[in-house]
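Take a look at the following structure, please.
For clarity, chains are labelled A, B, C and D in written order, and residue numbers in each chain start from 1.
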Amino acid sequence: MIQTKALVLGTQRLGPLFYRLKLKAPSISSLAQPGQFVHLKVDEGYDPLLRRPFSFHHTDPSQGCFDLLIKLRGKGTRLLSQKSPGEELDLIGPLGNGFPLPHSGQSPVLVAGGAGIAPLFMLAERLTSARGNLFFWGAKRKEEIFLRDEFSSLGWRLEISTEDGSIGYRGLVTDLLQAYLSKAKDNCLIYTCGPWGMLKEVARLSGQNHLPCWVSLEGNMACGVGACWGCAVRCKVEGKLGYRRICKDGPVFSAEEVIWD
Amino acid sequence: MIQTKALVLGTQRLGPLFYRLKLKAPSISSLAQPGQFVHLKVDEGYDPLLRRPFSFHHTDPSQGCFDLLIKLRGKGTRLLSQKSPGEELDLIGPLGNGFPLPHSGQSPVLVAGGAGIAPLFMLAERLTSARGNLFFWGAKRKEEIFLRDEFSSLGWRLEISTEDGSIGYRGLVTDLLQAYLSKAKDNCLIYTCGPWGMLKEVARLSGQNHLPCWVSLEGNMACGVGACWGCAVRCKVEGKLGYRRICKDGPVFSAEEVIWD
Amino acid sequence: MGLKVDLSVSLGSLKLRNPVLAASGCFGFGDEYSPLVDLNLLGGLITKAVSLNPTPGNPPPRVVETPCGMLNSIGLANPGLKGFLREKLPFLRSLTVPIIVNVAGGRLWEYVEVVKGLDKEDGVDGYEINISCPNVEKGGMEFSSDPKIAFKLVSSLRKVTSKPLIVKLSPNLGNIVPVAKVVEEAGADALSLINTLIGMAIDVRTKRPILARGTGGLSGPAIKPVALALVWKVAQAVEIPIVGVGGIFTSEDAIEFILAGSTAVQVGTANFVDPQTMPKIIEELRDYCVQEKIKRISDLIGGLEYG
Amino acid sequence: MGLKVDLSVSLGSLKLRNPVLAASGCFGFGDEYSPLVDLNLLGGLITKAVSLNPTPGNPPPRVVETPCGMLNSIGLANPGLKGFLREKLPFLRSLTVPIIVNVAGGRLWEYVEVVKGLDKEDGVDGYEINISCPNVEKGGMEFSSDPKIAFKLVSSLRKVTSKPLIVKLSPNLGNIVPVAKVVEEAGADALSLINTLIGMAIDVRTKRPILARGTGGLSGPAIKPVALALVWKVAQAVEIPIVGVGGIFTSEDAIEFILAGSTAVQVGTANFVDPQTMPKIIEELRDYCVQEKIKRISDLIGGLEYG
């Protein structure tokens, strides 16, 4: 965990809601693992006040760089989208636990919903031995799907769903997953990131199929380093109802650990 | 009084503490009178929250443009100095009463302290018939004096004082004024803008010499349009102690009206 | 979308065409803002405080910016009852929106005199009784910090007017609920929540308070969470309508207050930052209702889902 | 500049090498921030609240950003007295800075038990008694809203420890002065002012409060003016030292609090925004003293020029 300045190398629009923010911070880049995140100060001054957490989306340690993939939501993500090359951002990272890698024999299946693509893409990059494996990605509409060239060069099979059917399967990404799991793969290991409702359904399907599943959670954060307990999520802790910190104990949890309702 | 967007044409550094902000807003530019000001929102968002008042420094109505001359003080003036051409600022103006022009026969003498140069320069531009007249300008040091070419092309005689003597007379601008007035000019009309202590001394010298004197005041503002009474200054109002609003009743007051202590 | 949205709300017998009012002290007597804003778009206009006698106000500096807020110690500067009638009311009367006069006083009888002096006047549609100003020596806060005194004040006023009486409470109390209840009991038609919080700023160079009076009243986005919590709390304790105020800058802010239990909202400090705030909020409230298929904005009042 | 500046201050018998403390709940138990900050630079460290039994805290969401501030409803989540002794104290003991344990409880005897359980422990240099947390059902605010109960609590604690007792008061009271005086009388060594203000935020899409518990505690720059005004007010009413807290983000903020009468200051929310805030403030306080030719920072305490 380091606090440092990152140099903005550029931003790149990826459809109406998403953009890629390219940053340079060698010390961070070389440490980053898939599923970990940075906590960054969007702007000087008090508005917005708190840092914002973003997952590593891609790293290039040889150049000291990494990318974030950001979905426009509110004030913070809008301001970030307007950064110019040469500006600096104060950031803390790498934070969180990251995705545990598969054991040998386990076959990873990745399931992303919307902006959940961000950390899973980096995981896909690292899991080179899983070429040919399945990556499910669900979005609202065609405009929220991109990175298709990158996926094909990675060698993953990208299966897309959109709610309006403008590209790929029309419906939810969990429908695709369900159909796939019904043809049963005993050695599957599921990784997922996306909105809570989707994660809950992925967790349910994994449980039903007795498959291990890693979920990456989001939640409002203050400190990002485990000090404030602001990012608590209800979990089974030593068999009892308790709380875990998304920033420190997560953001990646075993689907079984999380209390979903 | 208009609320409009002004286009930033550029900023220009004038020494370590000052810069010129060139704006385009035709409706405002054509109405602006010397001594009036604009009230502008420095940035979107809540930090800084309130608008900031700045005097017109120069206008070019034929181009729909005008300049502000800004001294770096806090957060607002720093953010303004970082504006890039093409950005827009929300502004309200022209506000305030402006300088009354001299009657025929009156010979204007202008006395600026520090950033007080901003509105007086525009006044000097307008008082073309006063070419050859005296403009006193006091600053801390050489680096805070600029615009000398502009003054010579305007035809005013610029007399400079600096506190450290690095250029011009070493001492206070009011010393220069006092020396000048001691050689008495009965038909002098004094215009002044600068820090409170200096204005007070100019007011005293004017009174002593029975000369009319217009002072342009500064003070913290909220609304800028006369609604909140936040910018009150102690004045003689109908013979009694009362308050006047800098934004609406001023910023230009007769030196006699203001209660200086 | 053809949905016709009804933005009107009522504060007792006072009907507002939309729920957005200019907050007292933040919109002068309307005339100052008339070059910039079409005043007839507003739900209503609450005047700067009017006291019996002309009040010069406090020595300057009277305002200072703070993080996401400002402090003021205007001190109820106003031309007094007679000055108001002579200089300010004629313009206000020319508007088509309800005019609510904010009334302040040092003593109980002064409030009564002001209301009496206004009550027959055409163009005065109601009163907001300011028992919560932190910036004056007498009156102001005293009246709201003691439920008994607050009761006496409001019932005295109730006797001299049948126009809507809105009572404005202070957040600078431990528990605001007892005063709110007592004011309701005494016959108030509505409550305004909140006035400014007591705050201070110091100039570290001069080592002096920035405001000449030491402390002042904090307003702006900074206090919005506090105002919202108080509105929510009081809304659960009284039956009369609440007018929410404190840091409302956007239509989302306004909706938050309405959901928490405000019938109408006031916009204060935001006017200084952007005089277009009120017309914008009104427009966006309409859009929101269309989007959410809400026919009457009054259906949203207190619509918070909780528990 | 050769001037040697003495930044040390005292809270009763507790000597701090500089006046900058980490505020409770905003710096965990130190270990979480140790990769980023040299903890031994601090004036002292106040722990997250410790209660007798482990406390899981409130359901999420627990934090939300507000204009220049944040709301939290952590709910005093902590490992309890035993958990603290086992998991947290050993690390804290390894530091060279004073450790002040923030103590919370639902009942008077729980506070007493916690203090008793800590009192013999090496590495516990004092207590901050939290009678002002807005985020728990029992205890918390109750103790500070009634001067009699506050007196009883503090005198009971005074009997079981001779270590410094700092009592942390709530801003959510009408008049804070009576409680402050009573706490002083009961034997407290210092007062911490202020805890968070009660606030609320609503999600207009879901029509629900953003915090699961409805309301939470407001902190950050937004509340600085309120905290400063209360410090100034209480400093004129009591003799014991005051520890100022609320929106301190810069050395200027810290100096404002010291001028208003704080002996030391706490940095809370600012740690989340920039973990380097405390070391920076300490460095800049030293620079300020050099510039202003102040030999001892304690000469600045209460140095406000007013009136």
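Points to keep in mind about this one:
Here is the rule we go by: a residue touches a chain if its C-beta (ideal position, glycine included) is under 8 Å from a C-beta of that chain, and two chains touch if they have at least 3 such contacts.
Here the structure is a predicted model, which means the values were calculated and not measured.
Listing every chain that touches chain A and chain C alike gives B, D. For the pairs B-D and B-C, the count of C-beta pairs in contact is higher at B-C. Distance between Cα centroids is largest for the pairing of chain B with A. Once the centre of each chain is set as its mean CA position, chain B and chain D turn out to be 46 Å apart. Chain centres here are Cα means. That of chain A falls 55 Å from that of chain B. Put simply, the C-alpha centre of chain A and that of chain D have 36 angstrom between them.
Under the contact definition stated at the top, the residues of chain C that touch 2 or more other chains are 67-69, 220-221. Within chain A, the positions touching two or more other chains are listed as 46-47. Contacts between chains leave no pair untouched here, as each chain touches all the others. Residues 1-3, 41, 46-51, 90, 92, 219-234, 241-243, 248 of chain B are the ones that touch chain C when the two sit in their complex.
Within the complex formed with chain B, the residues of chain A that make contact are 45-47, 75. By the touch rule above, chain C contacts chain B in their complex via residues 25-28, 32-33, 35-36, 48, 56-57, 59-65, 67-70, 72, 74, 77, 220-221, 249, 269, 271-276. Of all the residues in chain C, the ones that touch chain D in their complex are 66-69, 71, 145, 172-175, 197-202, 204, 206-209, 214-215, 218, 220-226, 228-229, 232, 247, 252, 255-256, 259-260, 288, 303-306. Against chain B, in their complex, chain D makes its touches with residues 67-68.
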